[in-house]
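The following pair of complexes shares a single chain, chain A, combined with chain B in the former and chain C in the latter.
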Partner chain A sequence: MRPDSDALVLLNRLPGVRPAHSSGRRLRRISLLFIAIALVCLFLADLALYPTDPWRELGRIGWGFITPYWADSSTLLSALGQTVAFALLALIISIPLGLMLAVFYHWRPVRMLAAAVRSVHEIFWGLLFMQLYGLSATTGLLAILIPYTGVFAKVFAEMFDRQAPQPTLAVSPLSSRISRYAYTLIPQSLGEMRSYCRYRFECALRSSAILGFIGLPTLGFHLETAFKQGQYSEAAALLWVFFILIASIRFWLRGWLLPVYAALAIWLLPQSPPLGSSYAWQFISQDIWPRALQQGDLAGAAAWYWREFSQVAWPALLQTLYLTQIALVLTGVIALLCYPLASQAISGRALRWPGRLLLLIMRSTPEIMIAFILLLLLGPSGLPAVLALALHNGGLIAFLLANHSEQQPQRADDPKGINRYLYLHTPRLYPGFLAFLFYRWEVILRESAMMGILGIATIGFYIDSAFEEIRYDKAFFLIVVAAALNILIDSLSRRIRRRAGADLSAGVG
Partner chain B sequence: MKKTFKFAAAAGLLLSAFSAFADTFVFTAIPDEDESRLQQRFNKVADYLSAQTGAEVKYIPVKSYAAAITAFRNDQVQLAWFGGLSGVQARKLVAGSEAIAQGYEDQFFKTYFIANKSAGLSAEETLSAALKGKTFTFGSKGSTSGRLMPEFYLREQFNAAPEDIFSRVGFSGDHSRTIAQVQSGAYQVGAVNYTVWDNELAAGNIDPEKIQVIWTTPTYPDYQWTIRGDVDARFGKGFKEKMRKALLEMKDKDLLASFPRESFVPASNDDYAPIENTARAIGLLED
Partner chain C sequence: MSVNADAAILFQLQQFDLTLGKHRVLHNINLTVRQGEKIAIIGPSGAGKSSLLEVLYRQQPQQIALCPQQGGLVDMLSVYNNIFMGGLERHSSVYNLLNLIRSFNTPRAEIQQLCNELGLEDKLWHSPDRLSGGQRQRVAVGRALYRQQPVFLGDEPVSALDPLQAENILQLLINRHNTLLVSLHNRRLALAHFDRVLALRAGELVYDGPAAALTSNDLDAFYAS
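Here is the complex of A and B:
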């Protein structure tokens, strides 16, 4: 590798010659394009409305929500501890790994590796590792840290791209790539990286909780049980505990306490029975391949793959994509409508806390629960799925926007209230808002997989079914197909973000 | 320094995961209703089995039949309370494993087809053609009473896949949720485990003005205890028999209520041939 090649590239990016920043016209064009696509998808997607009589059940859910109850505090505490333990340890391992990959992100195989590992939902990573490591701490940790490493690699690499090039130019072109990063780009991005890791910790807590749905002893384990069996007060107790955990992160997540927390987390990780006779090798060498392939019948295997692709994967991919495009635009609308509620700079002190609470509930309630409540209201179709995804992701983006809105410089002659929202903050935040939205695009695509209860045939529905039916060859193939679509959307989103100049210097993802 | 610490930590946690369970006999169970406080309830069952067999017995909770099968196949658990279908799948994957006991009720299990009154269906002798075009929900995907048997009878009656009979087919994931979803009208028709229905009815969670049973399947064998074939080699000769005896002699109502079953009766792999054939017939199982 020529040590100076990067430095030459950076030369072309001195302040005066950086690519032009976003113009309103470009942003408008891209926004309208996505709205138009979503409108077309409205006609193609599997949406319907059925009359229902949900009030008895909704009454019980509502009553449960305001009367949280949990019988024994020790289960609750251990679930809480393990939720934090998995999240924390997974980040402690994935951040340095992600950083390492980010340094070599110019290398195509590294980019592809990072894109591949983050293109699979944590739940599906969990289900795969469960075959290899059983129900164990290893399974839980890998399920979070593997996709997160891919995300960190991408986000850190993009942060490095955004840094001013002068310090790098001052370093001798003969110095190695690693020292160039260690002395310039990494220190330059440190503040951004720290705030991004903080945000990512909140995401990891959500992932950790959700992994309870497939059997790890985190909050989600009890939450899923309580909710599906209609014990809404118990479910509410767990949800409130989770909300408080998320809301209080900034009070207890301190850098100097991390070693203490890490030690505690290792001690807290669940112990599980050992695997007496692991079939890991059999899983990798046989279970995930169709029988024809194992028997060396290539034509038969090709026919099998083609049948699964044309009859299952392709229609499911289309349906998933339609729902994703609608959910994406709706997410944007909800985020733009909700963020001013939680921004003190716009709504003032009085509204800020209710607004923050609303966004906390929106982004921290698992989508599948929102989907269930909407299913009772609207009947089964893609509609509850789209709304649940939009509420969850809209709440998340609104929260990030509100934070940025509060950091905006203020002048004495700035307009106030709604005018500040319409003419000052929203236009200023809009490029960043689009960046957030495009980052969430692939996330929404992955999450639309989780909506099997609604009777909509997304790709994730079939992956889940294949695992339930012990058809690992099918599950593996569908995961690969879904990942391919995810990688495609990921690179598309990167390109669009660049072209539209949708960019924000703070950490997003 | 920091990195060494991390690697040491990672290695440490991998090791620590294996210490507490050496030579422990582990089982898992997913009851067909009320999965709350599983650990506490089944710890009592574990204590009972421990006292009866002399081995150290532990219980671990799992979330789904698929997870139970994985744990059984990995030898993470040596004994499992499976549904009819999951038992067949597990025994197919683990050579030498054996069904040793079933619930008394499981000898003649059945599924109720339930419907919201607004769907305008009434109780009949067969699955009525009026079902066509309604919305329908199964229970969980791997369930015998919530998926396998209802799908079999639907296919038999209409000679078509469920997706072609109904305008929409969902998987509620749980019998209680099937009832909640049909009661609220979110789905018009559903298939539910009969014991769960009877118990929810007794508990007053079902409004007979809104929801009713429209058809009952013929009976079939369901839940059973399945044990791995290599337990004698690992826990001593005659261990399997000791475990079978302990299960069959479980008389404490408190323990049985966790499943919930009246008692356990003998069972064998052959008892589940009808389930296996059904699973093959609807393509859920290949050779």
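Here is the complex of A and C:
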């Protein structure tokens, strides 16, 4: 396997790192380190449990979940249509943009641009554009397509790196880069790209749904309203519709139907005011900078930035990081515990479909919705955020592991049941599992920052409040700080993946 | 067919070593190649033929038509586009992108002509993954010919063809290129078509001289362990 051996060569080159005698030991050491960090974070994070009476409320939610009900099918259909429309159009625009960036990914500014735009969560992009374009189609589209372009650029560039070099050697080095890529690396990666875009469409549907939490007319908007009013049957109806939408993607998302869907989506989008450039310019040139900087008072601006950083950003970043580290380890635990449920090779035929359904529900429910429910039950602390992140991401990784586990070679004399799980599948899948988990690290960080808009004390809370107080300079600064931490974690995760020899050829964003 | 000793030098290696990891691939290679030479490279597999060709390719990539061992075909594209991509640098990017959507008349006629010569006349719109090994190899040769370069470097370009076809394709390559370096495992072809033979063994150059001075027995000796 090439990625593994590359990682080994790299490992040998790093100063002070001796190649370990056992690959397993190296992975174990990394795992234990992260568990230890998470244990320390348990004491530092705000995870207070409030004395509520969760069981009564849980009972009502559970009852609602099995008695979905929606009186007015036209609003449901319109919310569903808007959710799909935003996701679809955002992908139709961001895939070619990401592809263009991927072709020029050798160029440092392109890499930095891609890293910068994907380090800011869709919700924050949404909050930013809302100040400019209100609750419009433009806001929803830009909020999804900008970070997704960055993700596509990175993932496509990684795909190009994995392709065979011979076709490129057989064309002239004097040909233009675009021509060369169009004839070699792009057609070589076409199959991989197609399946990745499908996976991303599912993510875009989730992003689109949760944009409802900041007011766009997608499913999340109605969901939040229903939950706030305690109408759990209505909320459940929305969730079930969303699950069915995601589970049925492969039946209705067909290449030849895309033009039809795109036309429908454009027709469905809410009215958008004409893009006014004058306010946008004022926003970018003035509103997002502190007054001192606008007046040219550099010392005053530095003092302002330092105050905001030390008093607001830093403590909020630490809380965000604590929750992230706990959620990361918990995600791993849940993934390892849940994947055998959906793997026929371990649990047999009978459990496979219930297991798959469970994982589908876990990964399809946007984490912000899980967090929202848990907040009602457990009270306002970091705990609901951690649990929601771990359930969602754990379900997602478990699903991928289950698929890999079913592709494992089987022998007639292999042990069965729990022994098969412990001695065959889990050890074989472990390097891939760690790679998936580290890929999700920056995602979990971005999402735990975003959870702040629910009132949890991560950096998103302060960003949201700053927008509410119309302090755009502060909101912008906090977004930049959160993005910087995200870029840092992204590069740290890449280094750890290489060092641990835990890398996968499959790009999972 | 003898080459003028004053002809310009195309490639030169002096006491050249190539090591990949702990593996010594090429050792102490001294080699000068002048314009107009037709050179066959022989030797058992693993002797370093492919590596030598790759090293030489790096010296002059702009004027070489390279035919790598696996052919470097792109299965998602038609035979037509796989050959067309040999000439990407002769057109603008826009022309190349449009050609992917719908072929232009001029290159289509050129490539049809080329395919006729290669015995692929009815395969223009097939994709390479639907072709036999020999047909794939001829597509790869087609691309190299469409590069229209003075120098051809081929890594076993005719290994999957029957003897008669191999002969014809090799002759086509020789006619269209001024200088050739071709690795071959068919020793008879090496003697019949080339002026100079390089024999490699375990990364070392064990023979470098005129093909005319070699007999079949000499060649067999290079392969003996």
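The rule we apply is simple: the second predicted complex is superposed on the first by the 442 of 509 C-alpha atoms of A that agree within 3 Å, B and C clash if a C-alpha of one lies under 4 Å from a C-alpha of the other, contacts with A are read in each partner's own complex, and residues count from 1 in each chain.
Here is the rule we go by: a contact is a pair of C-beta atoms (placed from the backbone, for glycine too) under 8 Å apart; a residue touches a chain by one contact, two chains touch by 3 or more.
Note that the structure is predicted; figures quoted are calculated from it, not measured.
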*Contact breadth on chain A, by residue count: chain C or chain B*: B
*Which superposed partner A:Ile35 touches (first chain B, second chain C, both, neither)*: neither
*Quick one: classify A:Leu358 as touching chain B (first), chain C (second), both or neither.*
neither
*Touching A:Gln188 in the superposition: chain B (first), chain C (second), both, neither?*
second
*Scan A:Ser172 for contacts with chain B and chain C and give back first, second, both or neither.*
second
*After superposition on the shared chain, which partner residues are touched by A:Ile496: those of chain B (first), chain C (second), both, or neither?*
neither
*asked:* On the A-aligned overlay, A:Ile487 touches which partner chain: chain B = first, chain C = second, or both, or neither?
replied: neither
*Pick one for A:Gly215: touches chain B only (first), chain C only (second), both, or neither.*
first
*Contacting residues of chain B [partner chain A, same complex]*: 3, 5-6, 9-10, 12-14, 16-22, 24, 26, 33-40, 58, 60-67, 69-71, 73-78, 89, 93, 116, 118, 135, 137, 140-142, 168-174, 176-177, 180-181, 183-187, 205, 207, 210, 234, 284
_Residue ranges of chain C touching chain A (in the complex, touch as defined)_ = 21, 57, 61-62, 66-74, 76-77, 81, 84-89, 91-93, 96-97, 100, 140, 143-144, 147
*Give every residue of chain A touching chain C within the complex, in rising order.*
9, 164, 166-176, 178-180, 182-184, 187-188, 190-191
_chain B-touching residues of chain A, taken from the complex the two chains share_ = 48, 50-54, 56-58, 71-72, 75, 89, 92-93, 96, 130-131, 134-138, 141, 213-215, 221, 224-226, 228-231, 234, 259, 262-263, 266, 269-279, 372, 375-376, 379-381, 452-455, 464-465, 467-470
